[in-house]
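The first chain written gets the first letter, and so on, giving A, B, C, D, E and F; residue counts start at 1 in each chain.
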């Protein structure tokens, strides 16, 4: 049975802050977690790398971010990691990349794909990624593109930087306390975006508090929020 | 552990068409299913009863609908059934009923409450029921109303008659094929609304087809659609 | 066949500014137009009446507004006019008024009801009127409230003072050029709200321009905008 | 006077399931119905054609779907039929196709254009078609692209596969009982998508039931649902 | 000139977590800040008070919460404080309270009113407060309720506990770093809700980070988020 | 400190009707106002130019519109004016133009950018402009595209032709009475779109009336409406 997870992000840092907990948690449970980063985020999400005293080349920034992403992915237990190097701010349209994502879907047969939400006026790279994922999903389902077509996977959008600005409406809270330490280490493997560490630690604590509220749990909890795009087929509401 | 289900409907017929499958399925799995009908639907949802040649009294209509509801509930395996007899078309506001629902919540400690969606311009009784359920949920959670306060249950809205008119956005599809026969019998236990039988048989087939599409199932499937109001806390996305 | 129109407004002035054209147009075509004003708008929409040098009694304001409304209604060709005198700013809840509106619906059997839109944060009297109309519509449809139950009428919301603030999304434009003169006279029959004359003349010109745009008409046009609540059953899209 | 209808779909099957009734009804009334299919749906909507024992070529699938579409269009009384053969799953962007649609608009001068709704996360080909139609509509209105510019037609979106998922809000119900037999035959002229026959028969019955409810009709009714994009200019609300 | 601020909350704690910074900041600038608490939150928002070993009376809880609110209000520099003691979970409807709020508006003539947002399925007391404030605003504007009628104030909604669940869309960020120490002390003056301290400290840090992002500020910032209900009349966009 | 304003429009006429008041007002206050027109609107928004007796060349229309725009811009006090000449109806995608806008942002460092709103089914050129502006804003913020990266400016959408059709929700009203005469002259400097003069005069009067209503002003007021995309960081709510 298909039980893998595919994560598609616009920039290398996104998977750590937004769904690093889900990745570690599923990897720990034996679910293969595949990761695609459409760009290195070299232009718009590597500010620290550009702010040193000495001039820096774009390729050096890309190498740096790639190394950080590989380190973080390893901490989270990622099964495969693919960099498309499309450039960012803005991320260009790329039918070839849509096809390439669809081929990864055919090869890995994910039950669920994690990606950015549909809207974000402050970051259209995220919107474009969402659209590319949905388009790739169609391509992966189509018999005319190969007999290995897939059952259409669920798509879950992870949390953007400012949820309300993006119309993000989470309907799933994932409790990630058991893997928080891993997520925190993966965040620290990204010193180029050091400025985001405490921000996303607080995000995890807020989502954990919300999850605990519904569950009357005790102790400090960490969480991540997700919004499902398609109706989920469930066997029951109460166990 | 709390594992019961509470269903609150505006009129007696609603539970059969809208969530009869969920009720039968959970009852079959050993989940206690409790049912509250705020009215008999005697004025606005018992048309056949009023259309005979001979004049009919409202009390007779209420008795008829009560008997039908009891028969249908038994077929579905309901654990308890409560009629509030508030009157319908329109259903009046009733703080006392809110409190009474909250007491049932305290007594039965449901993990999930099924009720009408928030909006329905063609049937404000449904909207009022939704609001009463949310208000009762608050009252049931409050320590100041008794030490037996509950962990706040999830609220799932079942399908209205015209989904788009009501802004209904289902995010959960429940496959009910295994209990379809029971639901169909429960529907037939309501001859006063015989005109709805084939309509809701088709609704079940459409929702089943949609569920099957996501699951690549074969054979005829039956389904029901639901919209969750609160984020669900989940342990994982992929088993 | 049923072919009457029912208009229900919160305050006496509303019918003139918002749907005076539709009223005159239909009256002219022989459609009986019935009007219900839930209040005289004496507190919040009669400012000129309160601003004179001499003190004024509330009853005097009500009489004044009633006389204005009767004059305007006559100009527009209204078939019947009913004042509920519920008070305004705020308009109170009134189950009795809901029932009374429903009885008028049973008596007049309107094909369409014109009223305020659902939302208006600056004027909750309008929202309450909308809700009362929908509730009365249910009551009028219910066989249990009398054998003279009606086929449910379409509900059309007329334009609020600030459309975007109210989430008003018109899907119907009525060209009222042929009756503009009548509407203008009816507006002038309401000197207490003289401050609104040019505002609503401009509204009519804007809606007329929008209607003309779609129809490639020439000359000055006047219009009114409406939003339908229920799907309309149409025989064809093109004549 | 302009009185034609233009239908633009992403894939060949769409016009049958979604607006075959409107097409037959208007053709029967003497309205010329023009049809544009942007792709043959060969990759993603011809599953049965790919699932045989023997391998199949894409061109053969396209020929098959073309023949089916021609047969269905003839049954529905289509006046002209144009295949753009853009490919599908995904349908590519095509400014040339936008221009070509605009030229058909100039040539046929439709009063109304039927196409897909704006949103559909499960099928971005539908969204792209919607956008291409709106862009072509602009191009057709512009004097700078030729003196034969058109009065902007109304755009009506037909029903997607899962209405709520697409945010589809129908405001028009077309009763198609008189042409149901034709629509049913046209559906059967598409054996490649045999799996959709009963699904869309039920859609027609549900929309017919909803139309009948508003009209108090008797007997089995069939219907189709539409959402208008632009305000409609109407001469009256009640005849 | 009118330059006061009015805050209306459902429960005593709300003003501290949600707008304590705005209150302290404006008080510091010499703006009179008036506060109305519709209930003591004794039933649903005083959990710690009910969880001791010994039984406790509702009146004792109310006294405790009142004292906490008075202490917090003093820290924040509140000019006047009014408790309506309506009860909570649920907060009842109260036309008398609407009138009383409107009288405070007439007396204090606020330029802005801070209150809860319109929607919150987990806490209908907040929704009811919003509605009461808007209704009171109407009553305060109406000449028929007294010659001291007010210019309608702006209404700003402060942040609910789970912003996305409530459809909260902030369009204003208030930087409160200068008064954070006061807000933090006011929070600590509410030990009954000690469980919320760190949650709302993190909310303030997140909103501060978002404010700083737009302003390229440095250092730790604290903020609060607000959503305006009415269009703001502004003299310019750039100073 | 940055205090300039950048205006980006799809067609040359747009800046006059939609934000001419804001431009004149800020220019008068010493704020440099920079203007980019992506097209001359030669195809779709120059109807009068194409309707003469003699045939006309597209280049002549473009020259005409350019001259009109230059005259209007001078009246409004524009500091710089850039024509991209991309063509219109439809306006094509253009990554190069996105980059060029971003370079202007880097050079002029606007505190605020005025442009079209996100949605407009009747004019996709407006939507594309909005998207290009947001994409250019990202590019201008990115250190990897140059060390002169900017603090992200606020984006304010000005009013479309039919606000409700576009989902336009203004939250800012700018009172432009002091510069109305200039705006009116700028409108008259565009005789090719003479048909819009009175329409937009009425828009200005309606927005002025709405602004006055909130401010209890007297006399005839003129206004413009805007919707902010990002939360504004404000120092206080009451002065």
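Note that a residue touches a chain if its C-beta (ideal position, glycine included) is under 8 Å from a C-beta of that chain, and two chains touch if they have at least 3 such contacts.
For clarity, every value in this text was computed on a predicted model and none was experimentally measured.
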Required minimum of steps from chain A to chain D, each step between chains that touch: 1
Where chain D and chain E overlap in contact partners, by chain label: A, B, C, F
Equivalent interface to A-D, taken from C-F, A-E or A-F so that over half of the residue contact pairs match: A-F
Remotest chain, chain A as reference, centres from CA atoms: C
Same-site or different-site touching of chain C by its copy chain F, using the half cut: same
Relative orientation of copies chain D and chain F, as a Cα rotation angle in degrees, nearest 5: 120
Interchain centroid distance [CA atoms averaged], chain A/chain B, Å: 37
Distance from chain C to chain A - Cα centre to Cα centre, in angstrom: 52
Residues of chain F whose C-beta touches two or more other chains: 152, 162, 165, 170, 210, 230-231
Chains touching one another, given as label pairs in label order: A-B, A-D, A-E, A-F, B-C, B-D, B-E, C-D, C-E, C-F, D-F, E-F
Partner chain D, residues of chain A touching it in the complex: 95, 98, 131, 134-135, 138-139, 141-145, 147, 152, 155, 229-231
Complex contacts: residues of chain E adjacent to chain A: 162-165, 168-170, 198-199, 202-203, 205-206, 209-210
Contact set on chain A toward chain B in their complex: 3-5, 22, 25-26, 29, 31, 111-112, 151-152, 154, 156, 170-175, 210-211, 213-216, 225-226, 228, 230-239
Contacting residues of chain C [partner chain E, same complex]: 42-44, 46-47, 50-51, 58, 61, 88-90, 92, 121-125, 162, 165
